[in-house]
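The same chain A turns up in both complexes below, where it pairs with chain B and then with chain C.
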Partner chain A sequence: MADNGLGSSNQESTLIRQNNLECKNLYDYLKTRPPNILEKLYNHPTICLAVYRELPELARQYVIRILFVDQPVPQAVVASWGSQAFSKEHVYVSKVLSELSVWQEATIPGGLLGWILSPTFKKNLKVALLGGGKAWSMSSALEADSKARDVTFLDAYSLERWECVLHYMVGSQQQEGISADAVRILLHAGLMKRDEDDGSPVITRQGFQFLLLDRQAQVWHFLLQYLDTVEERGLDLVECLTFLFQLSFSTLGKRKAGRFYPTRLALNITNSQNKNTPDIEEDTPKGYIVVETNYRVYAYTDSNLQVALIGLFTELMYRFPNLVVGVITRDSVRQALRGGITADQIIGYLKQHAHVQMLHAENRQPLPPTVVDQIKLWELERNRLTYNEGVLYSQFLSQADFNVLKEYAQTNGSLIWYNKERRTLVINKSAHDDVKKFLEEIF
Partner chain B sequence: MNDQAMKQFLLHLDETLKLGRKFIIQDLDENHLFISADILDTLQAKIDDLMDQISFPLAEKRGIKHSFFFSQKS
Partner chain C sequence: MNNIVLPSEKQPEITSTDETSLLVVILDSNPGQKMLRENPHVLTQCVDSVIAFANSHLMQKAQNKLAIMACHSKTSQFIYPGPSKPLDVRQVDGQYEAFTIVEKTTKHNLAKLLSSENSAVITESLLAGAIAMALCYIARIQRIKPPGAKLNCRILVVTGSGSSASQYMNYMNVFFTAQKQNVVIDVCALDQHLSLLQQGCDITNGLYLKVPQLQGLLQYLLWVFLPEPPIREKLVLPPPVKVDYRAACFCHRELIDIGFVCSVCLSIFCKFSPICTTCHTVFKVPAPLTVKPKKKKIKL
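For the complex of A and B:
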């Protein structure tokens, strides 16, 4: 019978990536919520609309097509709406819609399987699209404010407050501290941790990755972490989410409910995928980084935060009052990579903050291609081998035995490697117990 | 595994006991080796070393003009 090979080669990716910052979008977040929470959320038209906006295009199309259909639509019919060439997309969006409990499976008289929109979602999406229902609590009319805030002020204010959080993370002292609550969230999120000696919060590897994200992703990640702690504080998760979504649908700078003005940061939280909306472009601070083909980096800044960020992946050489000069070297990049920062994050950051001069260059590329390629090569160089943890099975008595096991492993996706002639196969270690059970049953 | 050269390097490490012992359990094919799991960290460090040895610093860190600035640092 199949003999259990010993030992194994080991995995790399899963082990190391675990420490890295996981950045979820709205879909990833909602998907992990239990169905009863989703059901409650869908009681609010705002949330239905936000979820609808975030769906993939094809999914939006399906939802609209069956929005006014009262009975389940056969699955085969839904599949036939698109051409065969896009069946992969169809399968994907069907999965998304099911995971978000937007639609559910239902049996049609006659035994066919069909899809039907979840009743709560259907009802409230209609309200969101067609009007009706309760007025969204925040849009109540109020008299004009004597001290109205304009958009510029709000942008400056939100920028200042957010920078304050980031500054706090890198430990630069030029801003006043932030609220104890925010610190608690940073600690909870693992972006900072208590120093072992004096207990003061210090930034972690995930924290550095967080700093390299764009502003909107940062806010969203921060909010998710906040939501995680909501229930511990005795607040209702559903209410918090509803409030956030309602907020994201309000208009920039328009005073709501007489008490607050939403800033751009708040408005952008739900459209996490539309990176190109003009709102966000205005939001990005002016670029300050010049990268030359000789790997030199000139950063026109006097902010400690920005200097600290540049210092993550460059070797700093000179510091002037308004300019920092550094050089990107193999060592500096490798150090960043070891810290869990990816090449794409580095390149993304440099691109995002490229100086206006860089954008006006002839080839319209904000970064010299040589530098971009080299940073990627430095990353690849660390991954010349891929590792899979597995168990080796060999010395099968017959080809038939071998085939049975091979097919079993293939169907449950755990086959890593096989060789017919040598009757040897390697199976994912996580599936080892299953395979053992299977063998006992069969032979 | 992606390239022959790396496989040969591993075979070499195995044969010459560079990591203190043999670690390849079975040579599967051109692109695959079955190795013992507990050697992984040592192996990765060794590969890092190799990469360090065969790379040449690209960036001109200290231009002639600026060499003065750096005399203190180095």
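For the complex of A and C:
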């Protein structure tokens, strides 16, 4: 640690952090919106419902408890609802609720501080739950469609369309059927970039990470990127979001206004937090990957896309018309890790696409624990060093000076490393100005 | 010598249960309940509260599941999802369509059930049977769920009828089945204290609440019964009270403190009988049973 020159550590840290796909959930997204936009958003029951579902579990209980209360509730009272052992969680939950402006601080006549739900949020959540207000869509005025689409058709259709986008990303043969808008978003999101030579889009590292996500997360990420571009194009963000959430809360395969039927891709798009829970309904695509304890991977597939994805972190051995056999090795995993893919993403992908036979195993774990652990260990191998940007202080004249500065940095929480004998210490770069000021004051 | 101090910016670990949760609500709709006989309008309020509560359950997570049963004097029925094919409901106001479907279906099926009832004879509600049906339903859902999925199941009984020892055996059977199936039974008593059902809550780790005021039913439901069992430990909820664990005798169905127990099948009787009525074991009685005077402690 001490040998690490400052310059190199700087470089390394940026090297490590770059190129990782940032997958925001709804909470992260809304947190960065200004309060007046949030207030506007809460005018729509759909958004209130989506935000409510995205809240942490404890927060959901708090909100429902004060949903029917008109006065502010003292903060001490709210704190007493949670048990002592989970007080940290209470603090976190209160922070989340404030950040999303779901509740606000208010003073109670006695001078105490209390929480009160944002009136718009409260009103519209009640509407979503109990009824009243305006209908979201015009569906009630429609007559039955003579050519109604059934659920299987819609599923097949949406699957085909989405695969089309993914195929386009890996540059498979079929290039047709993807709109210019979609390409623009892929480029905007950094999932693809223009090739330097001929200007045709090619996939980036983030693109590969994107491919490893589960479908719902993919759709959500794609939409977020789309929303980023919305404002540039002069569309109203609030309207777009409202429409998206209306769609996400509609019933599968039932005709909405005019001429469209929502497919499964659009439903519950915000639901990205429960990635690893298979839905009770039979809608998830069938798994095709078998992983054995000897690190062999058998993938029953003929899709080039899926083979390419598995090839990202396995060494492919054989290829048959309907089956690909590969083996997970240290080298193959390290290569994937170098490409910015994380161990969790690999494991997540294998888990998500595990073959039905793997799920029937007695221990109820879809993957052999040894393989999972080993992949994680291979990742940890690369993370033996932690990089911190710092400033080195040395050549103190006396031990006392050194001690004063060390104490100061320690109480500040900015001390990274120190050596008493050599009177050197490393201080967090962000605290450098503070410490310098302090030094000037005392010496 | 490498004493590295790392900035600790870790978020507190927030445990969340991402599992699907299935709630079966059993609503006692027997017109013979005392509170309904006094004021039939109470039922409307109860139904409204239960529907709002059920929708709040669905609101918690997109993947949550719900079933509502009506427990009647002669029959118990699923009213959501109903026996017939789902109603074609379209959104009429700002309510989420899925919630509208729950509300409409429940009211429609309940009205059908109530209008078919015409006898004036007051009989007790078949709660044990309803719980058994709910357990069967849960078992079926558990069986058809995809492998690897996790499903938390619980049953909430909302009833205003009194405790009846005549269903003692049935109650105990369903309680222990529920315990074995990891199904939590919660009971919300609207009118009278129910000692037998309270035992069931205790056995299955559920919550028991006797609602002090019927007007606030929805708030009581939301406060106490909405949190799923995994989050309950994080909240302060009514502490468990001393449970009355008296058993009912098999001969007269009365709750007793001390009684006779068959040495073969463990049936309980309040009076001695020479032949066990359950397993037909004949007890040898050497002499007419004489009650031995208890040994008195000699006071010094």
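We take it that the second predicted complex is superposed on the first by the 366 of 443 C-alpha atoms of A that agree within 3 Å, B and C clash if a C-alpha of one lies under 4 Å from a C-alpha of the other, contacts with A are read in each partner's own complex, and residues count from 1 in each chain.
As a convention for this text, contacts are C-beta pairs under 8 Å (C-beta built on N, C-alpha and C of every residue); 3 or more make two chains touch, one makes a residue touch a chain.
Since the model is a prediction, treat every value here as computed from it, not as a measurement.
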{"item": "Touching partner for A:Thr386 - first (chain B), second (chain C), both, neither", "value": "both"}
{"item": "Which of chain B and chain C A:Asn294 touches, first, second, both or neither", "value": "first"}
{"item": "First (chain B), second (chain C), both or neither touched by A:Tyr52", "value": "second"}
{"item": "More chain A residues in contact [chain B versus chain C]", "value": "C"}
{"item": "Chain B versus chain C as contact partner of A:Val151, first or second or both or neither", "value": "neither"}
{"item": "Touching partner for A:Asn419 - first (chain B), second (chain C), both, neither", "value": "both"}
{"item": "Chain B versus chain C as contact partner of A:Leu397, first or second or both or neither", "value": "neither"}
{"item": "Interface residues of chain A shared between complexes with chain B and chain C", "value": "386, 417, 419"}
{"item": "Chain C-touching residues of chain A, taken from the complex the two chains share", "value": "1-2, 45-46, 49, 52-53, 56-58, 60-61, 64-65, 67-68, 80-83, 85-86, 88-89, 91-92, 124, 127-137, 139-140, 142, 249-251, 268, 271, 273-274, 276-280, 282, 284, 354, 356, 359-360, 364, 366, 386, 388, 410, 413, 415-419, 428"}
{"item": "Residues on chain C engaged by chain A in the complex (per definition of touch)", "value": "1-7, 11-12, 14, 16-20, 52, 55-56, 59-63, 65, 90-100, 103, 141, 145-151, 218-219, 222-223, 226-227, 231, 233-236"}
{"item": "In the complex, chain A residues that touch chain B", "value": "5-10, 12, 294-296, 315, 317-318, 327-330, 374, 381-382, 384-387, 389-390, 392, 394, 417, 419, 424, 426"}
{"item": "Chain A contact footprint on chain B (complex, rising order)", "value": "1-3, 6, 25-26, 28-29, 32-37, 40, 44, 47-48, 51, 55, 57-61, 66, 69"}
